[in-house]
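Down below are the structures I want you to see.
Here chain A shows up in two complexes: once beside chain B, once beside chain C.
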Partner chain A sequence: MSVKTIAGVVVNVTEDGYMENMTQWNKEIAKEIASEVGIELTDKHFEVINYLREKTIAKEALTIRSVGKSGIVDIKQLYALFPKGPLKFSSKIAGIPKPSSCI
Partner chain B sequence: METKEKKPLEKVCIICAKGNLEDVYASLVMANGAVMEGIETNVFFTFFGLDGITKKTMNNLHTATTGNPAMRMPGGLPFPTMLGGLPGVESAVSSMMRKQMGALDMPPVDEFLEMITAGGGTIYACKLAVDMFKLTKNDLFEEVKDIITIGEFYELCDGDRTQIIFT
Partner chain C sequence: MKNLVILGAGTSGTMMANHLRPKLYLNEWKITIVDQYKTHYYQPGFLFLPFDIYNEKQVKKVGKKFIPKDVKYIQKKIEKILPEENKVELEGETLNYDVLIIATGCKIAPEETEGLVGPLWKKDIFDFYTYEGSLALRDKLRDWKGGKLLVHITEMPIKCPVAPLEFAFLADSYFKEKGMRDKVEITYVTPLSGAFTKPTCSTALAYLLKEKNITLESDFAIEHVDNDTKEIVDYEGRRIPFDLLVTIPTNMGDEVMAKSGLGDDLNFVPTDHHTLQSKAHENIFVIGDATNVPASKAGSVAHFAAETLTDNIVLYINGYPLKKEFDGHANCFIETGNNKALLIDFNYVTEPVHGKFPFAKIGPLSLLKESLFNHWGKLAFRWIYWNMLLKGIAIPFVSRHMSFKGKIFDIKPEKNN
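Let's turn to the complex of A and B:
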């Protein structure tokens, strides 16, 4: 565990850079993490991010398949929004734990 | 002092040569996992593995109930080989397996292949095996990009951070 200042807020992050406490998250933090992985966030990104956060609070396991069936984006669009890390980068930006699913 | 620079994988080329439910899924899970990690992914289906991309068979793959020492009854008791040979048993066990996989959000084979290609992965069929089983491109799932020779497959495997995985 380490401490990092993101968008002016001191947050606890894991070695991989995932936030440890999702309640510390805000949109500015999301934007800064996103820019670190080369993504500029749009409203569509935030729709996905909010979905991931809701499901995490509801303790539901996340897979790209479930996001693809969420009605927000299909899997192809999810990859387009978060290239090379549809679940990994989106989770990191959403301030939720590293995905534990294999699918 | 020795410094260790990380050299992440850039490309995987996965060969699926068997048509059992678990063998095809092993290839699909590894391929999809690679795509999700941003790794360039090629999957090459050959021999009985072609069942995994043949429209007629792909969503009805079986797991072997005979000659499979790891097969257990629900509850963990060994699965008698004699029982595994009875008509309908392999079908029933396989459909049960598919149901359990579905519960873990593992998609059916066709959807899994679509997930892989949606993320930029590419699916190929082996020319020799396609000829041997007298199949044509039309028999194969739409997401199969091409029927290629083993030589062409190796050409796809270039790059010094590429791994070939044979499942």
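Let's turn to the complex of A and C:
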């Protein structure tokens, strides 16, 4: 675990830069993480991000399929918003844990 | 007389029947278990069938043999659960229940991906998550002349999340032994960010892919299979060619859950992570691959969960509060080829750790480290499965909760020969 200052806030992050405590998150942090991966956030991005955060708080597993069925975006649109690894980057920007397997 | 009904006589359902029968008075509780199939498969064996390590006989037995004699076994298809009426509709029969245990597991749904079940299905595209798929793949591999082999995961969650990686490792050994490794390119394709997604594992195990000359394609979410060009295509148009595609299709819970309004979008039943009670109905409990809990869909998890669920069913029927104790404990062997294996031990919140298992500092099994002994452990597990695990006999020294004794949390890259 390490500490990083993002948008003026000191937050705990994993070694690959995912926030460890989603309550430390705010919109400014999201914008700064997004710019690090080359994404400029729009309202549509935030709709997806808010959906991911809600599902994470409800302890529901996130899959590309479930985002595609959320009614917010379909899977192609999700890719367009977060190119080259949509769930990976959207999770990072949303301040939630990295999607992972058991090893 | 009250009724406890178990749906599914796979690993979880069979274990629950064996655990519960001695705990519930025969003159008070009738236990019924329902499964449409006659055969009980040793599913971990499906990994070994394609490589001629196991034969058909070693992975299947008659399911009824493992059900206690005072439990009624009904071999029928389940049509629908009516949770508001406490009833289950079977083919031509309706059962009433006071307590219901859903243990209907999960299965592959290849039709969810366009082009998977097309002209190449079972010709150049195979699964090994079914008995039939695994055998068909064995026959294919026996005569295969080589080319591009893709080992591919469609999307998470899947049953036994390490099996695809084990398949890739075993394929490397198999083709080496056949003297044709130079004719086969092995590529591991995953929708996740890597083959190892937990920092402890990627640190300790990253050497494995390199050592076995397996190429990694990460962040690949398949959209369709192009049967004409023999390529898999993702949502951004990225294409990966194959001569032989070994895929793990989308895994889904039973369609009965969808028909009964009990499942999520993959037909998994929303379940309390720590009590295993269904979220929607207090007299419905869920175990094994059928749940939506964020534990691995694996036999070891079901084994540990069965101990908690047995206690909770007894507490529930006597009107006591449930134990909130299930921690998602999993303990899995991972075949790495060349007669070696790893062992991993983890739960909902703790990543796989280093150390010895089951005895601190003694072992004899090593965690997160390749060894011959772990491989023998994996092969011995088949005997344990048929003779102890299904019958609900506790495995000595292995606790339902993850133990932290003698385990090492400071992870360094490591290689063992």
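We adopt the following convention: the second predicted complex is superposed on the first by the 100 of 103 C-alpha atoms of A that agree within 3 Å, B and C clash if a C-alpha of one lies under 4 Å from a C-alpha of the other, contacts with A are read in each partner's own complex, and residues count from 1 in each chain.
What we mean here is this: contacts are C-beta pairs under 8 Å (C-beta built on N, C-alpha and C of every residue); 3 or more make two chains touch, one makes a residue touch a chain.
Predicted model only: the values in this text are computed from it and were never measured.
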item	value
Partner chain(s) touched by A:Thr14 [first = chain B, second = chain C, both, neither]	second
Touched partner set for A:Gly95, first chain B, second chain C, both or neither	neither
Superposition-derived comparison: chain B or chain C, residues of chain A touched	C
Touched partner set for A:Lys59, first chain B, second chain C, both or neither	second
Partner chain in contact with A:Ile103 - chain B first, chain C second, else both or neither	both
Which superposed partner A:Lys76 touches (first chain B, second chain C, both, neither)	both
Chain B/chain C common contact set on chain A	61, 63-66, 75-76, 79, 83-88, 101-103
Sites on chain A touched by chain C in the complex	14-16, 59-61, 63-66, 69, 75-76, 78-79, 83-88, 98-103
In the complex, chain A residues that touch chain B	61, 63-66, 68, 74-76, 79, 83-88, 101-103
Partner chain A, residues of chain B touching it in the complex	29, 32-33, 36-38, 104-107, 111, 114-115, 118-120
Chain C residues within the chain A interface of the complex	155-157, 161-162, 165, 191-193, 196-199, 201, 205, 218-219, 221, 223, 235-236, 250, 264-266, 273, 292, 294, 296, 330, 332, 334, 344, 346, 352
